[in-house]
Amino acid sequence: MDTAFDVERIRKDFPVLSRELPGGRPLVYLDSGNSSQKPVQVIETMREHLAVHYANVGRAMHVLGAESTEAYEAAREKVAAFVGAPSRDEIVFTKNASEALNLVAYAFGNPINEDPRFTMGPGDEIVISEMEHHSNIVPWQLLARRTGATLKWFSVTDEGRLDLSNLDELVTERTKIVSIAHQSNVLGTVNPVARVLERVRQAGALMMLDASQSVPHKPVDVTALDVDFLAFTGHKAVGPSGIGVLWARAELLDAMPPFLGGGEMIEAVWMDRSTYAPAPHKFEAGTPPIVEAVGLGAAVDYLSSVGMDAIAAHERELTRYALEALGEVPGLRVVGPTDLQDRGGTVSFTLEGIHPHDVGQIMDDEFGVAVRVGHHCARPLHLRFGIPATTRASFYLYNTPAEIDALVRGLHHVRKVFA
Amino acid sequence: MIAESMYQELILEHYKHPQGRGLRDPFDAEVHHVNPTCGDEITMRVKLGDGDKVEDVSYDGQGCSISQAAASVLHELATGSTVGETLAVVEEFTRLMQGRGQVEPDEDVLGDAVAFAGVAKFPARVKCALLAWMAYKDALARSAS
Amino acid sequence: MDTAFDVERIRKDFPVLSRELPGGRPLVYLDSGNSSQKPVQVIETMREHLAVHYANVGRAMHVLGAESTEAYEAAREKVAAFVGAPSRDEIVFTKNASEALNLVAYAFGNPINEDPRFTMGPGDEIVISEMEHHSNIVPWQLLARRTGATLKWFSVTDEGRLDLSNLDELVTERTKIVSIAHQSNVLGTVNPVARVLERVRQAGALMMLDASQSVPHKPVDVTALDVDFLAFTGHKAVGPSGIGVLWARAELLDAMPPFLGGGEMIEAVWMDRSTYAPAPHKFEAGTPPIVEAVGLGAAVDYLSSVGMDAIAAHERELTRYALEALGEVPGLRVVGPTDLQDRGGTVSFTLEGIHPHDVGQIMDDEFGVAVRVGHHCARPLHLRFGIPATTRASFYLYNTPAEIDALVRGLHHVRKVFA
Amino acid sequence: MIAESMYQELILEHYKHPQGRGLRDPFDAEVHHVNPTCGDEITMRVKLGDGDKVEDVSYDGQGCSISQAAASVLHELATGSTVGETLAVVEEFTRLMQGRGQVEPDEDVLGDAVAFAGVAKFPARVKCALLAWMAYKDALARSAS
């Protein structure tokens, strides 16, 4: 392992990692792709804000209001810097990645809207992929049903890669938006954004990235990616629940109709009409997740202090180690790339003749190994591979090779139980 | 080990050696149930006889050990009992499963099915345990009509 | 004051109340109508959940997942009991009250929907009131614009009461939904729900209550109120930011189309279609505000342990005291009822010749008195009274008569500064 | 007292005794600006002379002490200066106001307007302080065209 990266020191920052589970089992947390654990730096920042700096933001003119607003807006600034956004005003706080994806989907085909980029009706097309999380499928299905537009999708190859062979037929001048995962939450695959984007630009469409599984794990720079929208979620990035992020180009935020209406997203309100605040506030109706944004600010500070490059390198080593070790378990089949090329630290697999639900439960019950089992909110991808479910181990900065050893030991035991 | 509360010897036994598995003729009703969240499936046939007697419960399906073992245990409990008796068991089993681990199971009513008590603590697994039992209830309703 | 109600003991639960502001000022927090402070019971519950019980909910099969799910669903149960909901499945967690109001507004006129109660188009009518918070105005304006429906509203009398004189003309068989505040966030007025509801039922329409300002302050029972929808928000009820609640009748939740699409709101997903989970999960797309819901559960536990009747009685005494004391400040005019009949502990006022922004700032700067100044997200109500802004003092369980004395002292000083 | 950083004697003085208030003829351009979030309003007229000279800035409006005093201070600073000089002040004033209290004001450029430095720490008040100054900039642009 990278010697500069002191995983034991990092583990001390995460209180739960030294927790003993009922029955005296140690915790081996390999479910960060589902949601990550939180360092004491985030927890304490939130506790302190709640205890002595809390008030509503924006509206209040007193000391607490000013402190709370400052902390909330500082978090926006931190997040903007973290993903390389040209302006903090391009960062919209949502409750999770799903809301961010829906916010963009609802911008299309809204009769209120006049910008041609966001009109949507029969004949218009939306393109997603077969490896998407439900949160990047269902909003577009609902949009297609509301507007009569057509939903299309990229297939996935047997190796778990985006099938780009029909890119030019899929993305055409009828396409209004292409939305795909930056990194798959099942396969670990990192998608070739630049190649897709090139075609999207030719077609004159917009492009969104679901970066829920990339932003927490490696350096992501929206300016370098050059896409139009990007969504991610705080709870997978050592931040709290209840906070997500939509980044979008300023001019697109300007062009989009409002989504949720209410306090703080307005400029002036009469009974019969309203004018709206400039972005990002235009999309932040009501009291925002204040403490959660502040917590996310502390989370990106934490990740930055460790270093995103170092985190990515650490996860790469863990993935290499895991792919090797899992390869030796009889009957185990990895679903997704088995090499390290363009893949992150998420490894899903099947174990012959044993249902993942049984794998997961015994791993937890007997070894304290927390893996995720099921379709991981990517049912169409599992249908594509003809399997109802997989077992998924996902790694983060606090995981160790010893934990992967525990996983493998557990799998051998599971095989014995069901032999 | 906590595992013992869930993967009872009896459950594993039924999973590895399912009782009464396979679809048989004759039957009064056949139903097909799916748990869409996890993909578990079961096809179940019921044959009723005189005096409300359950003559045969035959089934086929795929899924985790809990869902498969539950079907096997159900077959054993139901076959040869009366509809009324089995409905009482179904009701008690459902109550136990939906009790989030807070319900004290009635062993006299449940018989071997009490082995599933540990499942109630795992909301994600409750549906697996109930799949066959809900299919059975449905099949009974269809036989009657 | 009520002797059984030990406000000094309660104050000790709220860390910020013993905080000294910069310059050695004590904090006099009279802005709970904007957002309330948090007791240590809520803060600690959240801290502990984040530190040692956190994982994603619903999907995970390991110990942490089970603990987190249990805590999240237990919070739903607590909230259901707190507002007298017949079933915990009628409690939908949102990010704030605004999302809850928008969720219901988006249920109307959605081409996906088939239920006639939720169709909406030209000729259909929506009824709100002139005293609404922007969060109960803008969603309905946007709905009217999307669908071509007509937005109408109740006027407000000079005394700050809902003008029901034209109730029968306003609410007719063309009306599909009536949505009004249970208690005004500016006037303090508690609206006559039963009288309005009677007419709504005659007209065959649905009725929503914006209970953001009532649920935190007095016993509220949805079964007794007998309306169809009710929204409130955690942060005004000693709970965290990032969490709100929609209560709705089960059969209406069933009839409504989904709003946000994504993980956890589905039953099964194919690339081209999906089926949806039963309510409440149908409306909770993506990872919910887990820790925030758990915090809200602790908040309603806290409020219940003090007793909602006792809290209401305490606030009533504070309001009586404040109305009397403020009545003696020269040039001060209360906007809203000046008696205690059907009014809560929110008192807004103007001070002749002095702009509320100046009042608020000097109160804060020199006395540490936190009041809110502006239009309090109720601009149409201020337009109706012909004033750009008011100063608002709002009381909660932790306030004392001495704090009202400080407010009054401050106002006298403000008058001197600007004399 | 923190108040001193915001309600400077000078601000209160200008608020109570506004300089140059009232709309006057002749003028080259008149603008009306509103701060919709707080309702503050200002109407402003600008009269330019030879050599880019600002001959008169006249105004009327309503709002809080900060917005009203800002107009009065602006009147004093601008009248008699050149357009170029006043634009430099507007720019520095804007920079100060949008600096969230982190910007060190340049007193040489700002003159009396430095009294508003404390406002920058209160985002809600920044718009009040800027209302007249933005109106002035707008009026200049319209005079020129």
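Think of it as A, B, C and D in the order they're written, each chain with its own count starting at 1.
Following the convention adopted for this analysis, a contact is a pair of C-beta atoms (placed from the backbone, for glycine too) under 8 Å apart; a residue touches a chain by one contact, two chains touch by 3 or more.
If you want to know which protein each chain is, UniProt gives these names: A, C = Cysteine desulfurase; B, D = Iron-sulfur cluster assembly scaffold protein NifU.
All values reported here derive from a predicted model rather than from experimental measurement.
Under the touch definition stated at the top, subunit B and subunit C (Cysteine desulfurase) share these contacting partners: A.
For the pair subunit C (Cysteine desulfurase) and subunit D, the distance between C-alpha centroids works out to 38 Å. Computed centre separation for the pair subunit A (Cysteine desulfurase)/subunit C (Cysteine desulfurase) is 31 angstrom, with centres defined by C-alpha atoms. With centres taken as mean Cα positions, subunit D sits 79 Å from subunit B.
Listed for subunit D are residues 37, 122, 124-125, each touching two or more other chains.
Across the assembly, subunit A (Cysteine desulfurase) contributes residues 22, 59-61, 65, 268, 357, 361, 374 that each touch 2 or more other chains. Of all possible chain pairs, the ones that touch are A-B, A-C, A-D, B-C, C-D.
Note for the complex: subunit B touches subunit C (Cysteine desulfurase) at residues 36-37, 100, 121-125.
Subunit C (Cysteine desulfurase) meets subunit A (Cysteine desulfurase) in the complex at residues 15-16, 19, 21-22, 27, 29, 31, 34-35, 37-38, 40, 42-43, 46-47, 50-56, 59-65, 95-99, 101-102, 105, 110-112, 130, 133-142, 145-147, 151, 153, 233, 235, 240-244, 258, 260-266, 268-274, 285-292, 357, 360-361, 363-364, 368-374, 376-377, 379-380, 383. The residues of subunit B lying in touch with subunit A (Cysteine desulfurase) in their complex are 1-3, 6-7, 12, 15-16, 37-40, 62-66, 122, 124-125, 128.
Contact residues on subunit C (Cysteine desulfurase) toward subunit B in their complex (touch as defined above): 58-61, 65-66, 69-70, 73, 267-268, 275. Residues of subunit C (Cysteine desulfurase) that touch subunit D in their complex: 22-23, 355-358, 361-362, 365-366, 374-375, 382, 388-389, 417-418.
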